[in-house]
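Pasting a structure here, questions to come.
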Amino acid sequence: MGRIESPTAAARSVVRMRVRFAETDLMGIAHHTSYVVYMEAARIEWLRRRGVTYAAWAGRGVHLPVIELRVTYRSPARFDDELDVEASLAEVRTASVRFDYRIVRVDGAVLCAEGSTRLACVDDRGGLRRFSPDMVEALANAEGAAS
Amino acid sequence: MGRIESPTAAARSVVRMRVRFAETDLMGIAHHTSYVVYMEAARIEWLRRRGVTYAAWAGRGVHLPVIELRVTYRSPARFDDELDVEASLAEVRTASVRFDYRIVRVDGAVLCAEGSTRLACVDDRGGLRRFSPDMVEALANAEGAAS
Amino acid sequence: MGRIESPTAAARSVVRMRVRFAETDLMGIAHHTSYVVYMEAARIEWLRRRGVTYAAWAGRGVHLPVIELRVTYRSPARFDDELDVEASLAEVRTASVRFDYRIVRVDGAVLCAEGSTRLACVDDRGGLRRFSPDMVEALANAEGAAS
Amino acid sequence: MGRIESPTAAARSVVRMRVRFAETDLMGIAHHTSYVVYMEAARIEWLRRRGVTYAAWAGRGVHLPVIELRVTYRSPARFDDELDVEASLAEVRTASVRFDYRIVRVDGAVLCAEGSTRLACVDDRGGLRRFSPDMVEALANAEGAAS
């Protein structure tokens, strides 16, 4: 299997969340690790909306640890801000997948951060494994589809 | 086995740590969950100094999840404060154990928080199990002893 | 002002949330600090639904740090579990307030944890201050009321 | 002021820390945000060893929020692993600074992660400001120097 550029419409989900008090730091803004947690939560919701649950894949011995992380911080999110976290499947390779993210403050539609994570497909012992055809298919689903 | 009050001298360890930036909140103080993480880290160090590692007990199918938590906050710890976190084994029951904690800011010896956690002794499936005699013995060790 | 027992119907709010991957630990369950974050998020939502925002009170120099925390863990919450976090105003004193919590897994209606936090009413320098009459009134609001 | 490549010997500090239980996730490894917290803790220690404390700079209205983050994960760190977190000043610009990191498991000298953060120099209102000459000087200090 080669590199697959995923279709843009099907490949995007938006998840709304709110900055928790525990996620702020003494600068009064969301700590920079909080955005990474938002990206992860949006990615998991992205998968769920396409019929993929962690439990189901883990039951088949498939895990998706993050192997690369990039975030650019544009404008600070603050406590209680509502955020739209957009996750998009950007690339599917043989044994890894990349998601891109945009985090936008709902009030004023301000871009707070952009980022990207690459996830490896690994088995129970941490060894790389190929995505199976049905997994690749599930990743190509649009929101609301069952796997 | 009945209730065992542990001896005070052997039962206490002090671990020094520093408030991390990520652990603060927008009030400029360590978030109240951070103290719970300090207490956990001190408890794990308490065990290590007595020859007990999580890996060793987990390898025998023994886990110690927290089943009760109490913290009283006295004075806020701030970013970069050095803290002495004192953990003491307070009580050993058949299938649970209680640790008490005092968190003291090194500068000025100010008491920041006091707390307590009860941990259950459970097996791999989460069922309660008794501490074995050698586990009870290990818990009675003084610092620096091997189990 | 004396002690005020708050009315039960008006005093309760339920907030639904989901256990995030980042909130789990190597036992495969939500880390015990995660429940404390859920309780905080539910309390903030409780206040918002009664017209009270942190920003508004902080703008008047009022903060509500946690001074006492108690949690009893009944049944572990796991990754991706949907939880109903119920927060209830339990007691209003001159310069502190207590909330009680019940965290229930939606699937099966299993009680995962119960807890309680006492919050002090403090000014910008951390000194205790009385709740003003309009603050006490706001705390007595039912869901959906403006302050 | 132009771009300043910092000297390598003076520009490196190593801080030892241990993976906390609270920092793991259900895959049994340190959650990928934990490495970002380690990098931050190492950077703050880097500054302290050169006489720079957050309090001192914040008192002058200087803050250093993270504006770019990159991490590549090589090998998972596990609970209780001792890690050497190496932070190096990589670049000083007019109003930003970049640190590079290597996180190495002490046991076996295994590289767990590499990363980099760019920090902006901002004033109390979040506006960009130049580093003053004495700040640039402090950043050029070797370990153990007072600013």
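Order of writing sets the chain letters: A, B, C and D. Residues in each chain are counted from 1.
Keep this in mind: a residue touches a chain if its C-beta (ideal position, glycine included) is under 8 Å from a C-beta of that chain, and two chains touch if they have at least 3 such contacts.
Just so you know, these numbers come straight off a predicted model, no measurement behind them.
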| item | value |
| --- | --- |
| Between the pairs A-D and C-D, the one where more C-beta pairs touch | A-D |
| Per Cα centroids, the chain farthest from chain D | C |
| Centroid spacing, where centroids are CA-atom means, of chain C and chain D in whole angstrom | 35 |
| Geometric centre distance via CA averages, chain D-chain A, whole Å | 25 |
| Overlap residues in chain D, where contacts from two or more other chains coincide | 21-22, 27, 29, 33, 37, 79 |
| Partner chain B, residues of chain C touching it in the complex | 27, 29, 32-33, 36-37, 63, 65-73, 76, 126 |
| Contact set on chain B toward chain D in their complex | 18, 20-22, 37, 40-41, 44, 48, 53-55, 79-80 |
| Parts of chain C lying in touch with chain D, wherever the complex brings them together | 21-22, 24-29, 31, 33, 78-79 |
